[in-house]
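Per-chain numbering from 1; labels A, B, C and D assigned in written order.
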Amino acid sequence: MVGMAERVRSSRWTREQSETEFARVVAFSDGVIAIALTLLELNFDTPDVPAPQVAAELAALWPTFLSYAISFAVIGALWVSHHSFFAELRGFDSRLMRLNLLYLSLIVLIPFTTNVFDSYGEVPAGPMLYAAVLAAASLVAWTMGRYAVRAGFVAGAARSGAHGSSLRDLVTPAIFLLSVPLALVIPEYTPLIWLAGLILARRFS
Amino acid sequence: MVGMAERVRSSRWTREQSETEFARVVAFSDGVIAIALTLLELNFDTPDVPAPQVAAELAALWPTFLSYAISFAVIGALWVSHHSFFAELRGFDSRLMRLNLLYLSLIVLIPFTTNVFDSYGEVPAGPMLYAAVLAAASLVAWTMGRYAVRAGFVAGAARSGAHGSSLRDLVTPAIFLLSVPLALVIPEYTPLIWLAGLILARRFS
Amino acid sequence: MVGMAERVRSSRWTREQSETEFARVVAFSDGVIAIALTLLELNFDTPDVPAPQVAAELAALWPTFLSYAISFAVIGALWVSHHSFFAELRGFDSRLMRLNLLYLSLIVLIPFTTNVFDSYGEVPAGPMLYAAVLAAASLVAWTMGRYAVRAGFVAGAARSGAHGSSLRDLVTPAIFLLSVPLALVIPEYTPLIWLAGLILARRFS
Amino acid sequence: MVGMAERVRSSRWTREQSETEFARVVAFSDGVIAIALTLLELNFDTPDVPAPQVAAELAALWPTFLSYAISFAVIGALWVSHHSFFAELRGFDSRLMRLNLLYLSLIVLIPFTTNVFDSYGEVPAGPMLYAAVLAAASLVAWTMGRYAVRAGFVAGAARSGAHGSSLRDLVTPAIFLLSVPLALVIPEYTPLIWLAGLILARRFS
């Protein structure tokens, strides 16, 4: 099948020509994102203590609930973006497909980085790994948007507002990227930096 | 992609305009619910005992089978509701999409709360956590129904009977909510309260 | 949403009226079966031994590979059956949907029963649990087929050959059911009984 | 349902006759591949060390990241091939469906073989198991392509370039197959052999 894959690399499909193939790429991406979202649940470990202590143990899980909520919201927001990006696409080629796979490979890491962040949030390594993966994912998303516009896969009307068409769209990757070195100095405030950055980004975009 | 996501927040789609996008939201939700349902299986731990004792060990798993059956039925019923709710929708917007993600984030917790309920059913914490997550999910479902009717996403005929249109639809969240404090006093009877409440709710609705 | 679910219980859809709803039930079932199939992989534990001994450890995993292959084939065959059953359906109602959920709840147990069978194949409990779950699943499948024919959900041409229309279709559940007590006496030959039974069933049907 | 499955074995569908059934097979395969891809994430174990040492522990995970990236790329490439193979299909029968299930059963093993490769990359067993599963998957893919062409499921235009139509398509299986004995001698260079082989295969095909 690899010989086939080679030929695919030079292929280019419009959405009208092959709605089925387009839908399959979208459904596959959705499947991967949905599974990554659901695997976040595996970060909850059922306490293994005598019954009378379980209430206290569950209460002590609040940082796990918090990091679950943050990551669910993050993956959810990334899915909504992915959703609206593909809704605007009028075609795709194998390069866009590979960028999409690279994007997915970063999303799939989030349950792991969430678990590390949850267990080691107070030292730099926890938030740094978390922010680094999200910064990389944001950059790949930006690259996908930029490439889709340049390759003519985004229709005229949607073009001016599309991903990657302006520097403004680099704000989110920049926030996550900048938080990586900042986590070295003030790891416990990294989530606040993300929040402040995202509120600012929303206000000015 | 976040700049795109921002714009999405003010968007509004009708089902006719974008059947593909609508189907994608539904398929994504189904995917998440299907995975949550299947992850219930991970609550079964293969016994690790000498071979002659395995029959007794498996027999001792009956509460795990029971809580598996309860949660499979609960998630199944929630999926049927979600199914019929989306079947009536004539459109959706980004607010409904975020409510849907919030709903899913609660459903995804059920395999964990099932495991806690299974391991700590005799103390209040086990059933309380289980009931609290279901009460929250029911409330979010009620909010979604209410919002969809008010925003005009439910067609005329289906409107009078739709979710959130009457106080009657608050019965289920109320049962789960009330069982939370009751679990403090009589944890071992909480499943009976759910059962009685749901039979009553079915009879009078 | 439960109020909605109640009403669903008395509903009845034809496939033509609501192809989207029908497709959603099928896709949801496929999703659950696909995840159950993939969770079989989690039964493989990476050896934790000094590097020079890993080859021997991996070679010793052959019963795990064998039970993986058997269960993959079993779930695959069940999926093909489910596939062809739904391909013939011209409609469905909420009762069929609940039978379908019950069927899925048994399929989802297979990764667990496979693991138990793999770890405790030489004592009765291992093959008994495995066969009991498959017997139950076969019986539910037979009930679904029978109900669908009686409720008029299967078109004329397909009717005579449909599930549950004759005693012949009870052969598979019977084989699995009979192997449960037989496993008490000769546990290590249970897979052979299944194999022989299925070959006979295929020849005479 | 097995009686039904028997009859399926002699069936043959064209894509036009039953687009829904065809789409279901494709969606099921995609689902299984997407889950296998996402289960790769479970190979990351969150370190369990005192907080100050976690940075060093995470840095020491780089071979896990590398093997994750390799396997994500491999499964991604296999999915792209599967995607383009099914895009060309004009029909299928039950034999192709069973070959497809066999193919999927090998793909699903990749998260496990990746974990073994990651843990025991320096002894022959690790890369041998990894390469053997991929060689088997490639051979099954080649068989599927060959069978589809012979059975007339591939349309005229696509036929000459289709899978299995020439010896050239055996290059990939051959590379993986040859690397199995080579891993006995030089296990640590196996990934280089794969890389070199794939670059050569791409250049001459």
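Quick note on the criterion: a contact is a pair of C-beta atoms (placed from the backbone, for glycine too) under 8 Å apart; a residue touches a chain by one contact, two chains touch by 3 or more.
All values reported here derive from a predicted model rather than from experimental measurement.
S.K.: Which chains are shared contacts of chain A and chain B?
M.R.: none
S.K.: Indicate the whole-number Å distance between the mean C-alpha point of chain A and the mean C-alpha point of chain C.
M.R.: 35
S.K.: At what distance in angstrom does the C-alpha mean of chain D lie from that of chain C?
M.R.: Those two chain centres are 25 Å apart.
S.K.: Where in chain C do residues touch two or more of the other chains?
M.R.: Correct list: 27, 31, 35, 42.
S.K.: Taking the touch definition from the header, please name the shape of the chain graph: line, ring, star, complete or other.
M.R.: ring
S.K.: Can you tell me which positions in chain B touch chain A when the two form their complex?
M.R.: Of all residues in chain B, those touching chain A are 1-8, 11, 18, 20-21, 24-25, 27-28, 31-32, 35-36, 39, 42, 94, 97-98, 101, 104-105, 108-109, 111-112, 115-116, 119-120, 122-126, 129.
S.K.: Would you mind writing out the residues of chain C in touch with chain D in their complex?
M.R.: Per the stated touch rule, the residues are 23, 26-27, 30-31, 33-35, 37-38, 40-42, 44, 46-47, 51-52, 54-55, 58, 68-69, 72-73, 76-85, 87, 138, 141-142, 144-145, 161-163, 168-169, 171-172, 198, 201-202, 205.
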